[in-house]
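The structures come next, written out as structure tokens.
Below, chain A partners chain B and then partners chain C, in two separate complexes.
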Partner chain A sequence: MSTFEVDLHLSLPGKASNGQSAAPRARRLVATAVVVALAPLLLLLFWWLSAARGWVSPQVLPQPAWVWQTFVDLVVSGDIIAAAAISFRRIAEGFLLGATSGFLFGLLIGTSRSADAYLGPTFRALAAIPSLGWLPILILILGIEETLKIVILAKACFVPMAISTADGARNIPAKLSDVADVLGIRRSTRFFRLTIPAMAPFLASGIRLSLSQAFVSLIVVEMLAGSDGLGYLMVWGRTLFQLDIVIVGMIVVGTVGFLLDLLLRRMEKAIVRGASAHG
Partner chain B sequence: MNASANALFVEHVSKSYPLDGLDRLVLKDINFSVGHNEILGIVGASGCGKSTLLRLIVGLDTEYRGSITRSNAGDPGKRVGMVFQDHRLYPWLTVEANVGLALDTSPLSARQKHEKIGHYLHLVGLSDFAKAYPRQLSGGMAQRAAIARALAQEPDILLMDEPFGALDSILRMRLQDELLAIWERNQVSIVIVTHDVEEALYLGDRVIVMEPNPGRIRDIVTVDLPRPRDRASLDIADLKKRCLSMLM
Partner chain C sequence: MRHLISSFLLAAALALSSAPLRAEDAPATIRLGDVGFGFGTPFGVGLQAIADAKGFIADEFKGSPTKLEFTYFTGTGPAINEALSNGQLDFASYGAVPNIIGKANGLDTVIVASYGGTTIFGAARPDVEIRSIADLKGKKVAIQKATIIHWGLISALKGAGLSEKDITIVDLKNADQLAAIAAKSVDAVFGADFLLPLEDKGLARIFYKSSDTGATGDGFGAFLVTDKFRKSYPEATQKVVNGFVKAAQWLGDEKNREEAFQIWSRAGTPVDVIRKSNAGSSLRDKYNPRLDAFFVARYKSGIAFNLEQKLIRRDVDLDAWVDRSYVDKAVASQKLEAYWPDRGTTGSVKN
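Coming up: the complex of A and B.
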């Protein structure tokens, strides 16, 4: 037994360094998929059991089969696509506005000590208020139309982006800044060749945090003050006591959120690797 | 050496850092000049302010008493170059792009810049590594790239802060010879800070011996020996003994 273990340990590095890593990689991918899918499958099984055994009334928890049928209907009718399109457009607009201004603000308080002294505390205090805490007063000022949603989303993106950018700006290696000073390079060169590459890992995580914040706020703001979009679809389903629609909405939002996060994590990794390696 | 032959004057320079509410003097009344095309070595125990002195000369730190003047200060094309102990190449740029940073403000065309980068990479023996990233280079190669970057801005004064300190002794000797070869082909004054007395005596026309607490000049030793010098010669050994007796 012990010799077998030793053998295994010895063979592992050899395998990894050789070119024959395709088969183990495929196996590892399958293993990962099984691990990831296990919890949802168990949940699905539990859901199906509770519906089939009548543990919960079907008005509150419809059967998986109904929900699937509703999903297919909503896709065929185009309702869910239309709702998703509206929601994603809001995210895109809010993100563009919020992340861009967050980046600029973060750069300001990250590079200028006096700007940080004047604006930093106020920013941190306001940032501590969750997006939804702003909702009552913003509804009074902006109404419940599109502007409100975009502003809430922009705010949700602004805060993590500004914090990450400021952290990144403060973490530009002083030794590399010295080189820029000695060589006397232009401000623009300094920005694109030093500041941005040195900040890349921070920017990537800022973007990821912003988008996930935007996603959370979007659904809530559409539920509280909306007449379209994925969040509204779910509220509408609940009003009609069509919980199948609500569950479809939850699953779509969860899946999209998961995929978005996965994609951004990948991007972040690629950027970080790029920055540390070549850039 | 008459005054007009000097590239750099350091006069009555003192520098102190605030420490625990008190001003701690790190450099006390430093006076010396560097001639055109002279190699000046600076040796001293750690903490004698050698690196601080270079930071003052290059302009990274502007808070000091006294005056530091360059004879070419009015000529914007003439700058002070600096090589640090660690190579400080930008990890996300190729060797070529790193050297290219030195030509950022140069009015040359892109092609001329490319040629100039090629020239300096050739000078330090890195022509084949123009497209490599710093992480792909060995320590000695990275340091050579840093030297190429400093030379590419064509400074009239090149400051070197223990440039070979992190390298093994064989490589250090090779790079010292390469540095002398480059110096002979370029019009440049070199101020080289080192903790290696032999390195300072092998390279320098004069060697400043500093002592710590506060950092000040103990003596300036003239190395009146023709190049190429023999590291094992009696003259070097005598001068080394003299310097070491002041340092210990």
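Coming up: the complex of A and C.
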């Protein structure tokens, strides 16, 4: 689970970001970029060196130049774009389904003690089983078509979203609830004006965790019962002993995952800041 | 990151350390790889597993410091290609399709013996009218692509006047194939003897057995050595092949049939299933290690298949890849020419 979460704090420790002039800000951005790029660049250097010196077999770890050529070939032929489009559509569908139902379920067990007592333990037990364990049963029920993939991705998104939402619902400040009780606010007003804003930081991290889980599961799903998408492209590359294809797939998935995580972290920060300003 | 670097260093160290020393003395260890099945400690289901279990190769090195290391790869062909490429194996037994892929991508392997044939089965849903290969037209068939089973399906289709365009192929691993046919997601599956229990459970009907149509329908593969090992240790290479041939001779003896099935059942398949799978076939013919005209015809068909399916980007020169000298020497020294006479391209014995 934690393997996907690259814990890069994309700002250097230092002064608060408010009220800074343009020049230090730009300098800070460059410094951040250097810090972020350092590890991948060192890795690239090491990769190039080990290929050039013949430390590892050229079939298992092809030179960066070959991998680049394969990447260009796959882009020109449209293969990688077609595969990525399929994979990202699956993620989007699985996420919409899983995160929405996870949100509703989390709300239920987070707000109702009896619902939590009845459903909570079962949910936690089922959530602990990895998608792989579900696969044979799910194939029996759903077959091997698209539904299977979407359901596994939805399950991957459902769990972190439900946990975060339930946490959020339990952590609504008691004072706020008391005031709302005293004022006798309507249920719908209370939900949209109090519950949701108070839960916003939890929801944001739920969304981020859901999406990163979806990414991890995507590859598993496409490797096992797929015949298209990025995961299958990687498995097929390995079968054909063309590990350059596998590395291209790793780089594409890694880059997109990193960018998505970056974007969601930014959004999460903005929401947390907004929520604390309200509180 | 640190983990990644350390695993890179480890891989580099392995690649360096595994290079054999240029010396005439016996190798300290000989590493042999095979396709494996089963939970816990995987085991093989072919000739090499017999050689391992009965110690035929080990006997050749009795009294010498050389140790043998047998590894069974559940990751099948692709994993064996990677291990060979990383210098982690000296010998390997695996199916023709992945070892042709490995050779075409530059592995320095040399074929030193045939590992014989494997029976390929076709199973269909009981509620779908599939009685023969011809009935597959318009149906959905699950196989694991880029394996010898894939070759088996395509050649069976050709034999029945069909092509792969007439069916829909779904690429699934063994366990998922069983789930898919039970769920009626596919109409038929092609695979090894792991499909046989489906019939007993009433989940599928076996409608095709490759050995029924003669040896040309069976799967095939080879026993290979790395060129580096062969050049550094020609004598040890000969000894390994001698042991391999002895294993084949033992296996061909009818009185050892049941014991062989017991050995193979260590990979997880019940003895009953193995018995059923081999019913009616002579193990002497099936596990013939010779690299004769029949073997060459099989491998030519395998290479043509790999090219046609775009599994390889360049052709493989079979003549340069096969080195008959070891197996021929072993067969001659053990006086087995009459036991395994030369076969023609169709598998029938030449007169």
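The definition used in the following text is that the second predicted complex is superposed on the first by the 257 of 279 C-alpha atoms of A that agree within 3 Å, B and C clash if a C-alpha of one lies under 4 Å from a C-alpha of the other, contacts with A are read in each partner's own complex, and residues count from 1 in each chain.
Going forward, contacts are C-beta pairs under 8 Å (C-beta built on N, C-alpha and C of every residue); 3 or more make two chains touch, one makes a residue touch a chain.
Please read all numbers here as calculations on a predicted model, not as lab measurements.
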Give one word, clash or fit, describing how chain B and chain C relate on chain A after superposing.
fit
Of the two partner chains, chain B (first) and chain C (second), which one does A:171 touch, if any: first, second, both, or neither?
neither
Touching A:112, do we find chain B (first), chain C (second), both, or neither?
neither
Using the touch definition from the top, say if A:77 reaches chain B (first), chain C (second), both or neither.
neither
After superposition on the shared chain, which partner residues are touched by A:55: those of chain B (first), chain C (second), both, or neither?
second
Mind telling me which of the two, chain B or chain C, contacts the most residues of chain A?
C
Contact-wise, after the overlay, does A:182 reach chain B, chain C, both or neither (first, second, both, neither)?
first
Rounded to whole Å, what minimum CA distance do you find between chain B and chain C in the overlaid structures?
41
Residues of chain C defined as touching chain A within the complex
1, 4-5, 8, 11-12, 15-16, 77-78, 81-82, 85-87, 98, 101-102, 105-107, 145-146, 170-173, 175-176, 179-180, 182-186, 311-312
Residue numbers on chain A that touch chain C, as the complex places them:
39, 43, 46, 50, 55-61, 135-136, 139-145, 224-225, 227, 232, 236, 238-242
Which residues of chain B touch chain A in the complex?
58-60, 79-82, 84, 86, 88, 90-94, 97, 101-102, 104-105, 133, 135, 149, 153
Which of the residues in chain A come into contact with chain B in the complex?
175-176, 178-186, 189, 193-194, 197, 274-279
